[in-house]
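In what follows, chain A forms one complex with chain B and a second complex with chain C.
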Partner chain A sequence: MSEPRGMRKRVWIVGLLALALAYPRLLPALLGDLTGNDLLDASINTLAFVVMALGLNIVVGFAGLLDLGYVAFFAIGAFVMGWLGSGHFYDANFHLLVSEVSERVPGIHVNFVLIVLVAAAFTAVWGAILGAPTLRLRGDYLAIVTLAFGEIVPRVFENSTSGLFGIGSVDFSNGRQGITPIDKPYFPGLDEISRLDLEPFYYIALAMVLVTLFVNVRLRDSRIGRAWIAVREDQVAAAAMGVDLVRTKLWAYALGAALGGFAGAFFGTYKNTVNVDQFEFGFSVFILCMVILGGMGNIWGVILGAVALSMMDRFVLRALNGVPETLGLDFDLTAINFGIFGFFLVVMMVLRPEGFIPSRRRKLELHHGELVHDEPLAGVRL
Partner chain B sequence: MSAAGDILDASGCTKRFGGLLACDNVDFTVPPRAIVSLIGPNGAGKTTFFNMLTGLYKPTAGRVLFEGSDITGRAPHLVTRAGIARTFQNIKLFNTMTALENVQVGMHSRLRARISGSILRTPFQRREERESRRKARELLDFVGLSQQDDLAMSLSYGDQRRLEIARALASQPRLLLLDEPTAGMNPQESEELRALMETMRTERGISVLLIEHDMKVVMGVSDRVTVLDHGEKIAEGTPQEVRSDPRVIEAYLGSQA
Partner chain C sequence: MARAARENVLWLLLSAALLFYFVDDPRTTLDNVKDGLANGTIWALIALGYTLVYGIIGLINFAHGEVFMIGSFVAVSLWQTTGVGEQTAIPVVALSIGAYLVVAMVASGTLNVMIERVAYRPLRNAPKLAPLITAIGMSFILQNVGLLWRGSPDSPPDLLRSQQVVFEVLDVGVVRSDLFVVAVTVPLLFALVWFVGSTRYGKAMRATAQDPDAARLMGIDVDRTISLTFLLGGLLAGAAGLIYALYNLTIQFNQGFTAGLIAFTAAVMGGIGNLKGAVLGGLIIGVVQQVSDARIGPEWTPAVVFSILILVMVFRPQGLLGEETREG
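Our next item is the complex of A and B:
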């Protein structure tokens, strides 16, 4: 890494960070309170999506394991939030580092930061458990099994209103109603957060993104990061080079899941509800699209993909809402939401299959034939 | 016939795929610091035998001892950790990684950095990474590959073969299995490879087990040659003995009758 390049990179990072920090203050000033708040809410959602997309990127982008059931980890993380930070278990009376208001409410109330960490650890374990049966599968088979897990987990939660699989009598989920309300984040020493003020949520989500980013970058440039790519490229060769396939894949599942749970717990508190309706198959696809659209395996690409799709979901479709009517058609555009996404995805795959910002590796895979002809300087000696 | 000092001692190795007997009761030993070759017509079971040694196939019957411990049917990464490394007949590099990174993957089983250490980038992890890059460059120099930061897929055929050897050496093996390393090489490159094998033996004390079709290389470098045909061992001995063995001639050229 040459000095000027390193410097420029640092300037970029500091600049982006400053912008991200000033963002919630700039919005109302530029757009007025109402629109500003709307965009801020969208941005908070986006940040949580970024965390999830980066998590899924470990599984899909780095290790090359297709996962169509990522929503399962969102669900598990969110429910951990629900269990440890609400009045759901009203018989229990456990309070740990929470605000005075929560102190007086029955139920289990643990500090937000602790819950998020527990949620990440808990989902990591479940990531490994659900990953284990898929270790021998590849391609289509892997897709089907992960898809099934993505369906199974929310259904298990939904039906665990009287013990788990009929064992015991604890209500884990409150059925379709879900768990609500959820405790607000609270930091000892700071004032209580109001739900009307989005700014603190934004900064919490931003901090989570930064932690995730830090972890992702470091993992990518490490022994395990190399092992993931080796497994993705050629399992047989990777194993013959001393890479433990089982361990390496399970770590990918576990770490990917941990980030899903991490963001899931945040969503739980931000939405103030943990509800089975949130955990649909479409969500898994939504996150997977962010990864593919941005550029599988490329951390910055995936972030861009997440921001683009999340904002598109929120604003572009809304802006287009009048279009069917002006064309004399009578239907609601939100009903074909996924159809529109699918269309964009197809267009993208035709024009730029490697994503917005492709990883150097993925681009090579997709354009291998072209590379040999176009770039004789790439070290090709024929 | 196995002497006590043999680094590898495989006995009665058999592999059956349904009705096909790919390897039939093969006994095979490799003495320390030796270069031994395995030859035979196409489909004789040479690569199958390699795959049994390295854990890619579980032998149907038989036993493989490496440095005295039983490695029969062990998972490939454990065989590598035990000290056997290999290359592949149809090159299996990690194409979108650089040559250097390929070699670093080869070191995987010798590196200790854990996930937590990698995230926190502990002094130990930094030192290990730095050291692994230095050693990888050393190995690439050793096999004579100068384009060390180029992607594996952009290397020439001969360089890819060389890179595979460097990657295998990165796991610090005591026994190196080379599956047709000179395939696609020109005579000069083959000669360089032959010299490289000699150096590995003398400088690093590595035993080499070679599958090879280039008889010039085989006869020039081997201490001992074993011939497989239809999964069976039909001859074994010094290059001269094997060359004049009538059964070997028959296997390669067909009987004269």
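Our next item is the complex of A and C:
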């Protein structure tokens, strides 16, 4: 939706935005403080997941490069937050635009907004570095190599407690304990945020989603966006038409990774800890599920997929946790969340491989004479 | 020549590393190699399942590691429910191992066939991405089945008195579990090679792998042949499951994921689609792991294995034995 098409669409967008802005105030009013707070927490997670899913959508959906190691970028982004916004490097004393409380704590403390930007830039570089070896590969080989990177990166962080690969003696990760606590976001001129009050986190996450959404839409409709789709559809034909494959693919990796790092840094500060246990293969698949269930390549589909899966994971399954017990079964629903996602993946692939949204959107778009953007899965040739 | 040199550089590096460690400390290194070969045969059994399936339908069966895990669970549950333990008489123990080996193999084999029927067959004509994703889905489902079955790591009874040294070669003690692994695995490997190489069914499998459409025209029931392939892979995975349980004496629901990735690395290393390559790859990876555990540190071993996987895929995607792969 580069240009809002017609009045109706504009009304929808303004309405949704207003709802999103009023959301944290509405929740306690409608559901009471306790459930409202749970739901708000789930929603903040969801927003961060939306950013990640939109990032992965660039790699998988737009450029058609199946990436099974997206968690690596979450890890890198989160660790940048850990390094630059905590007391982890207690020897150093560096403070930049942080609250008075953080000023007094040793360690490196940089303003949240700056860290998030640095994290995005840093992960973008790593996205290109890790993407480079995969350029020659296609299909399932590509998937496996990215998976391997996704497994290696967290191990490197975990083991780099005394220098990197044994060089030097800097502790980069504090091992399995991880880096904690992490600084809260702080904006000069505004009051300090309390961790008990989720509202500011919600608005920060919402702002990040809006930025990501804007970037995604602009990218999709840009020259590079068209190049991605051309590479996805037919790499050889695209190269013959003058698309630089190396550049195009590396940009997809870099920008996809940047958004992963962007959201990863936010997760670091929101969860108040950066811990290698968070960075599992399951996480990569969780994000991939969002992209696939929603409809690969379709921005709105991916958002829907992210909201549906994340809310299910963070809220619905927790709310229904007592159900197996009432049925006389002895287990937690939340323990088997990945089994449930796996089940959805299988069912979805067998019954509706193109995801929730594409075909309906295509019908709508037919009236606007626009068909190009949201090719369903069948369009991804490996 | 330059190309050949680049493709072989990885093997040269691995051999050089091994040689270096051997000169540095021969006894430990030999011990590591022995352990690595024993472990490697287990990886080889699993890797064969990957390679068989990839050879015939070009799919990475992501759920294969979980099929192996279920095999372990079945075997250990049988010992626990029938009360076979370390005090049981030796003939009964031997009988139980033989019988439960068959049960575990059949269970894993059936499971693998069912997975193919439910998750891969409906997508036979879909883009390759689709079955890869359902494979991941099945893997998660089975992992959670394992989680519900046994939430925490469990130990099977030490039926073999596994650490008892049987004989020594060059100061390296070969223990009972090493012999057990070899005794079970080698016949299975020969049986598989015979089956694929010398029977009508094996011929049908090879024909289907080469060209499914032509095979169908020749009167081969392609769907049944694919099911058979999954059955074979599952049988081997079940056997690996039982051996793994008795060899390592610990099982847990997520053992399949790691084992699956390691075995897949082995399959790729040997040249995916190539049976002998899978065995060779399994042995190499087994040795690499042990040496890495001893010399670089166990915390780095997964990273070492995955780095090798990446290097192989990028520089020598056709694998050690040079079999052509079906890429893309």
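The working rule: the second predicted complex is superposed on the first by the 335 of 382 C-alpha atoms of A that agree within 3 Å, B and C clash if a C-alpha of one lies under 4 Å from a C-alpha of the other, contacts with A are read in each partner's own complex, and residues count from 1 in each chain.
Here, contacts are C-beta pairs under 8 Å (C-beta built on N, C-alpha and C of every residue); 3 or more make two chains touch, one makes a residue touch a chain.
Everything numeric in this text was worked out from a predicted model, so none of it was measured.
Asks: Looking at the overlay, does A:V105 come into contact with chain B only (first), chain C only (second), both, or neither?
Replies: After superposition on chain A, A:V105 lies in contact with neither partner.
Asks: So in the superposed three-chain picture, is A:A20 touching just chain B, just chain C, both, or none of them (first/second/both/neither)?
Replies: Neither partner.
Asks: Applying the touch criterion given at the start, work out whether A:M312 contacts chain B, chain C, both or neither, answering first, second, both or neither.
Replies: A:M312 sits against neither chain B nor chain C.
Asks: A:L66 contacts which: chain B (first), chain C (second), both, neither?
Replies: A:L66: touches chain C, not chain B.
Asks: Is A:R226 contacted by the first partner chain B, the second partner chain C, both or neither?
Replies: In the superposition, A:R226 touches chain B alone.
Asks: Could you say whether A:A121 touches chain B, chain C, both of them, or neither, answering first, second, both or neither?
Replies: Touch partners of A:A121: none, neither chain B nor chain C.
Asks: Pick one for A:L97: touches chain B only (first), chain C only (second), both, or neither.
Replies: Neither: A:L97 stays clear of chain B and chain C.
Asks: On the A-aligned overlay, A:V215 touches which partner chain: chain B = first, chain C = second, or both, or neither?
Replies: Only chain B; A:V215 stays clear of chain C.
Asks: Kindly list the residues of chain A that each of chain B and chain C touches, one partner per complex.
Replies: Residues 378, 380-382, which sit in both footprints.
Asks: Quick one: in the complex, what on chain B touches chain A?
Replies: 54-56, 75-77, 80-81, 85-86, 88, 92-97, 101, 104-111, 113, 115, 118-119, 121, 125, 129, 147, 150-151, 153-156, 159, 167-168, 170-171
Asks: Can you list the residues on chain A that touch chain C in the complex?
Replies: Contact set of chain A toward chain C: 66, 68, 133-134, 136-141, 143-145, 147-149, 151-152, 155-156, 158-159, 281-282, 285, 288, 292, 331, 335-336, 338-346, 349-350, 353, 377-378, 380-382.
Asks: Inside the complex, what are the residues of chain A that reach chain B?
Replies: Result: residues 214-215, 218-219, 222-227, 229-230, 233-234, 236-245, 251, 255, 360-362, 364-365, 368, 371-372, 378-382 of chain A touch chain B.
Asks: Provide the residue numbers of chain C that touch chain A in the complex, in ascending order.
Replies: Touching chain A from chain C are residues 59-60, 118-119, 122-123, 126-134, 136-141, 143-145, 147-148, 151, 257, 261, 264, 268, 297, 299-300, 302-303, 306-307, 309-310, 313-314, 317, 327-328.
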